[in-house]
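Down below are the structures I want you to see.
Next, two complexes with subunit A in common: one pairs it with subunit B, the other with subunit C.
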Partner chain A sequence: MKLLPLMIAIPLSVAFILPLLPKKRPRMADCLAVLATLALLALAAMLIGQSGVYALGGWRPPVGIVLVLDGLSWLVLITVALVSFLVTVFSARYMEQYTARGRYYALFMLMVAGMNGAVLTGDMFNLYVFIEVAAVASYALVAFGCHEEELEASFKYAVLGSIASSFILLGIALMYCLFGTVNMAHLGQKVSASGLNRAAIFSLVLFIAGFGLKAALVPFHAWLPDAHPSAPAPISAMLSGVLIKAIGVYALIRVLFNVFGVTAQVATALMVLGTISMVVAILMALIQWDLKRLLAYSSISQIGYVMLGFGVGGAVLAAGGSPVIAALGFLGALFHLVNHAVFKSLLFLSSGALEYATGTRQLKEMGGLGKEMPVTAGASLVASLAIGGVPPLNGFFSKLIIILACVSSGHYGFALAAVLVSIFTLAVYMKVQKYAFLGKPAEGRKSVHEVPAAMRIPMTLLAVLCLGMSLMLLPGPKKRVLDPAVQVLMDRDAYIQSVMGVASALGAGQETDMKIAEN
Partner chain B sequence: MNTQQALLAAIALPFAAGLVAWLLPRGLSKLTKLLSLIVSALVMWAAIVLYRSQSVALWHWNGGGVIFGLDNLSAFILLGVAFFGVVMTIYSIGFLDDEKVSPRAYYANFLCALGAACGAVLARNMIALLVFWGLMGIPFYLLINLGREGADAAAKKTMIILGGSDSLLILGIALLYHATGSWDVLQPAVALEGMSVIACLCLAAAAFAKAGAIPLHSWAPDAGATAPVPAAAFLPASLDKLLGIYLFARISLDLFVLDTGMRGFFVLIGAVTVIGAVMAALVQHNLRRLLGFHAVSQVGYMILGIATGTAIGVIGGLFHMLNNALYKSCLFLTAGAAERRTGTGELEGMGGLARALPFTFACALIAALAISGIPPLNGFVSKWMIYQGIIEAGQHGLGPLWVIALVAAMFGSTLTLASFVKVLHSVFLGQPRSKAATGRRPNLGMWAPMGLLAALCLVFGVFAYAVPIKGLLLPALPAHLQISFENATWQPGLAALLLLVALVAGAVIYALGTIKSIREDDAYIGGETGERAAPYDYTGVQFYRTIETLPALDKLYRRAKEHCYDIYDLGHRLVDYIGAPLRALHSGLLLTYVAWCVLGLVVLLWFLVR
Partner chain C sequence: MHYFLCLLLLMVGLFGALTQKNLIKIILSVAIIEHAVNTFLIMVGYRHDGTAPIVDRAQVAGSSFASGAVDPLPQAMVLTAIVISLGVLALMVAVAMRLYHTYGTYDITEIRKLRG
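Showing the complex of A and B:
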């Protein structure tokens, strides 16, 4: 638990060291970045099963700032660490096309620091700050190529992102106005004591819109199909794979379930938002021919699944229904969130490999690449089948659980929508497979070579994960990894207790570990 | 091998062997072939052990619920799956020796498909069924991709339709679980009310898509036409039929108590499938595509039989499933031999192959007559039983629908015969048209499976009761579907004898030489000697094209050419239709996007703060 601040300190400090490295030695930047993300991955892995509260500087909550590690934040933390490690390995060769690698990694590390901070913090205002750190770094990364369309995309992203930030900031100000605190647990305590009045719901709506914009839920999604394809492929993988989840979905559910407590209406809103996102985005994905744009739309659709799962769980919880079914909804949503991070970052990396080899993102200009790029083709096929929900890959199981939760709680219409979208998703990715890898080479396409090993290895590892993560549903790993995260969402009081308990137990000037009993 | 070991071996062995086949270096393709032969034989052995044991073998997840299990129906289906696994492995070894198909990818996927099929049949747990059912799609997709030109589009279409129907299966199973609270495949039947109607329809959609019934059929002709021949004979023609009908039999016999309305609906689907697909088959000019449409048409009979719910109908339907797998895969195998000989898949490029491939011709003839329902072959017996089943169901409350179903079934049989007369003529009879008819002859690995399947068509027809019905079908069915065949009036033995006499008489007349051999002469136009051949060389294919211009049918065929009956293309159009306004909304203008966000916020406020 003493290591917890390192999750933020390492990437932050590396981010400031990187620009100081000699520009003529770009390999140094590569190595440092890979080492830093590897250290983060190792650190996150060491924290498995732990939970507790770290009071920064020994100042006790609710005044001091706390970092909170529990099942939920650990799950997102390890996902971020894993994806960012593999992405930095991929970047080492991929980014040779660009100049100023030191700055690239610096922005990258800043983004990781922002995400880790947003995931770990127990304080609303800190949440806002870390989200901004990550978001501003991502605005710059989207524009990294400095081409016309990249700058345009980055501008749109920045404007809409700032609107989201102002919603969030306004929401926080309102909450502070109403309850006089910005510590999440303390806020939760006060909200549950006084109940939700209209002003509090108003600020909740601001949070839903603000975090929903960061998470790209329809109708707040419009920046994403421009921003994600414009970024360099590894950054697209980070943005779609983890950023929208860490500073969008995670922040929303943490605030919703642990601070405000879910109501039936809010749960309905989540389900409806999720379903609209699922349906609209997959239809848009179907008619795209730009591979990365297609992937970006599909990300919106998949986030819709995640939101649907959380919404169903929340609806059951709010209606006082069976906790087993509520847990099923949360389990499906969380599992799908992690799964999506894996297969979508793999898909973006493989799109990067395709762009690296062929120089194009247009599906119609590819064709027949399966023979020339077998590893990329294999990895992309695995990811496509996983996101399409074909057993025994991980995406199948998370979709199955979400649909099961919908049906078990009597939301048949939402279940049907999830099923139909799943069919369309498969269709989208079969299209990708057909036009990119199968058939004959498109006219005028030059023959290409497979990408270098440093790019193949991360893709292969992610493909193996797509297969292996299905095992996370076996009783042992599920109990260790997924169940604690589900429990956090189920039990709001436990979260409040864990943080506020520290406040009462803590004398000033020293840190403390506090274990919450698992389950 | 005890039953539990056999159970696990049937599932795990093919997967393990598939993995090994994939990892073996390219140079060792002989070893790969040997491995797949041994493994498919072992699976066959395991299936026989399981079938003979007559016990209910179960495999539990350490201490938890039952995952795999066996009952009489699944033991019967498993036997079929394993049998075709062996036959197709032998044919593949013979057929693929000079093809441009990578043996490593082919056998790895072949074995995995076999393992997944065994797993789906043996699954006692709904989730396990779902996993193996969907898992089958992956090797199938990859196998089609190994095929000839156009395989990429066919593979995409197949995966979308089959994978999409798997999603419906998820919904169906979730609804069923919600109704019963049990994951067991052999749970007590559920009455059709409320959401279980939807569950039943979802499960049936998955079964129909796998088996290839209209309107979810359109992948089957495409896949059949482009996949490597043995894969086309193995998956769409035999395994997918066995599995689809297995699930449909489970739905109508075990999982749900079907009411008259639902039965009528299924009967209607069966009738439409029989007629619609055979009409499409009539005008095809690619041999394997034509066979693919017939495969769809035959599924209609099975659905008709099982949907009647009468004992004779159900037995007939399952018997027809077995028969269809026999003669249809036999036909695909003969098509492969003909294709290899001529180097083309188009009917017009073949012709006169009877002389070059006499054994293949004999097999194709038997199988074609069997599929057309000519006595005493197996297709006749099962179709006859299905007719009986329809009539009996008509007496027990199916309403006037039974007349339509019966007419469709019988008329469909006639059209099937018409279609196969065309095939036999244009492929094997007449004059050789292809100059390239010098391709390789079939080898032992090819004609042994063809001969075996053709012989079984004969045996299952002549000794219909003694061998398949008594030996295989009746033990597979529950007690209330057992009927006595002791007083049956159809005497296949006698019929066979009479037909044999007729054949001998025909042979004698032929031998007497009263039929003159072909006289070749110049063609005259207005007294002038014209060019020989080309315009006067009419093939059966061209003759059948006139069907497309028949007054009532021309519109239907024109629509079919516009893909109006293909759910896949309809979906494509629908997406374009809905996509256009959505695309217009994504204008790329920042102001529009900001407006959406504000609008979204306002709606949320209205909904939550109201």
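Showing the complex of A and C:
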């Protein structure tokens, strides 16, 4: 547990060192960034199976800020670490097109620090701060190229993002006003003791709107199809792959399930929002010809699946139904969240490779690239099949579990929507394969070369992960990786206990200070 | 009454952010929203005729300090929130300036390379 603050401290300190490096030696920045993300990955891997609470500065909860590591936060933490490591390796060559690479990595590290902090923190206000750190860095990264569309997308994203943050802050202020604490576990305790009144429900709605905007659920999605394609490809991979999950989905789920405790209405809201996102976004994706824009719409659709899974699990839990079915819904949602991080970052990296080689993002201007860029084509094919839900790839199993949970809890309509959207998803990605890699080269397209090895290796690794991740459902890995995360969502009291139990375990040196705070 | 005014301020900001066509006015509207939320936070901790929440150890034992002082926590939170919104606003102003340099206008109806 002593190592836990390093997950935030490493990227934060590296972010400040990076712009100080000599500008004429961009390789130094590359090396430092790759080393830092590698260290984070190693650290996250070391923390497997552990859980615990770290009280920052020795201030015990509920007064001080705590970092909480449990199954759920570990799962998101390792996903962020894995994707950010592979993306930095990819960036080393890809970002040669841009100047000021030190600053690029600095913003990147700031974003990673914000995400790690948001995932680990056990304090509502601290969550808001870390979300803002990650969000501000991402606004700047979207505008990194400083072209017209990028600036416009960044402005739109920043305006909507700050409105969302204001909603979240207003929700936190309301909760503090009602319950007098911002510690998540303490808040959870007080909510279960006194129940939800109307003001608390209003703050719940504010959280759903705020985090929903950050997670780009339809109808809060308008910024994403502009912002994600406009960023440099590695950043698109980070934004779609992990950012919307860490500061959107994860934060929402943590607040809804561990602080408020899920109710039937909230679960229905999640299911409906999820299904609308799923259906609307995949139809929008079908008509796109800009590859990255297509991928961005597909991200919204896949986040819909994740939300549907959480919603179904929550509905069963709130109705007091079978815990096995509830766990099935959560399992599907969490597994799909991790899967989507892997295949969507791979798809964005391969779109970056295509743009690097051909200089265009328009599908109609590509064609026949399969022969010239075999590695990119292969990686993209694996990811397309995985996201389209072709067995035995990882996307098939996570979608199957979500659909099974829908059916076994009697939500046949939602199950049908999920099946249909899955078919449309496959169609969307077959379109990508057909126009980009198969067929004849588009007229006027110059012949191209495969991208450099530093870009091929991360793509290959992610493709191997797509192929291998189905193994996570075997009893052994499932018990170590996915089950602890599901358990956190199932058992709200255990979360509260694990944090509040520390209050009595930590030394008694701050008695006087405690008294002031409690009065 | 105060809370109502605060809500009104929030609504003014939201209305502005949604309806204004000028980049600068949108930025101002976002600033108004943030100020409304900050004001709300301050009001949560406010106490009429309260004292400043500063204390030395001798004062604590058995005193009426806790029932007289305003709540310091929202004040600390608002300070943090102000710094964050300063950062975001500075970034938005910088982006708006770059947009002005490329398009020569602040009107969003003329800045339309992207469509939802």
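What we mean here is this: the second predicted complex is superposed on the first by the 507 of 519 C-alpha atoms of A that agree within 3 Å, B and C clash if a C-alpha of one lies under 4 Å from a C-alpha of the other, contacts with A are read in each partner's own complex, and residues count from 1 in each chain.
What we mean here is this: contacts are C-beta pairs under 8 Å (C-beta built on N, C-alpha and C of every residue); 3 or more make two chains touch, one makes a residue touch a chain.
Predicted model only: the values in this text are computed from it and were never measured.
Student: Have a look at where A:208 lands relative to subunit B and subunit C in the superposition and call it first, second, both or neither.
Tutor: Touch partner of A:208: subunit B, not subunit C.
Student: Touching A:225, do we find subunit B (first), subunit C (second), both, or neither?
Tutor: both
Student: Answer with first, second, both or neither: which of subunit B and subunit C does A:438 touch in the superposed model?
Tutor: First partner only, subunit B.
Student: Would you check which partner chain A:159 touches, where first means subunit B only, second means subunit C only, and both and neither mean what they say?
Tutor: A:159: touches subunit B and subunit C.
Student: Of the two partners subunit B and subunit C, which one touches more residues belonging to subunit A?
Tutor: Between subunit B and subunit C, the winner on subunit A residue contacts is B.
Student: Would you check which partner chain A:132 touches, where first means subunit B only, second means subunit C only, and both and neither mean what they say?
Tutor: After superposing on A, A:132 lies in contact with subunit C but is clear of subunit B.
Student: What is the contact status of A:36 with respect to subunit B (first) and subunit C (second): first, second, both, or neither?
Tutor: Neither partner.
Student: On the A-aligned overlay, A:176 touches which partner chain: subunit B = first, subunit C = second, or both, or neither?
Tutor: Touch partner of A:176: subunit C, not subunit B.
Student: Hey, what residues of subunit A end up touching subunit B and subunit C alike?
Tutor: 155-156, 159, 163, 222, 225-226.
Student: Looking at the complex, which residues from subunit A come into contact with subunit B?
Tutor: Subunit A reaches subunit B through residues 155-156, 159-160, 163, 167, 198, 201-202, 204-206, 208-209, 212-213, 219-220, 222-223, 225-226, 265-266, 269, 280, 283-284, 286-287, 385, 388-392, 396, 399-400, 403-404, 406-408, 412, 415-416, 419-420, 422-424, 426-427, 430-431, 433-434, 438-439.
Student: Using the touch definition from the top, list the residues of subunit C that touch subunit A in their complex.
Tutor: Residue positions touching the partner: 10, 14, 17, 23, 26-27, 30, 33-34, 36-37, 40-41, 44, 55, 57, 60, 65-67, 73-74, 77, 80-81, 84-85, 87-88, 91-92, 95-96, 98-99, 102-103, 111, 113-114, 116.
Student: For the complex, give me every residue of subunit B touching subunit A.
Tutor: 127, 130-132, 134-135, 137-138, 145, 151-153, 155-156, 159-160, 163-164, 166-168, 170-171, 174-175, 177-178, 195, 198, 571, 575-576, 578-579, 582-583, 586, 588, 590, 592-594, 596-597, 599-601, 604-605, 607-609
Student: Which positions of subunit A touch subunit C when the two form their complex?
Tutor: Its residues touching subunit C are 125, 128-129, 132, 136, 139-140, 143, 146, 148-149, 151-156, 158-159, 161-163, 165-166, 169-170, 173, 176-177, 182, 222, 225-226, 230, 512, 515-516, 519.
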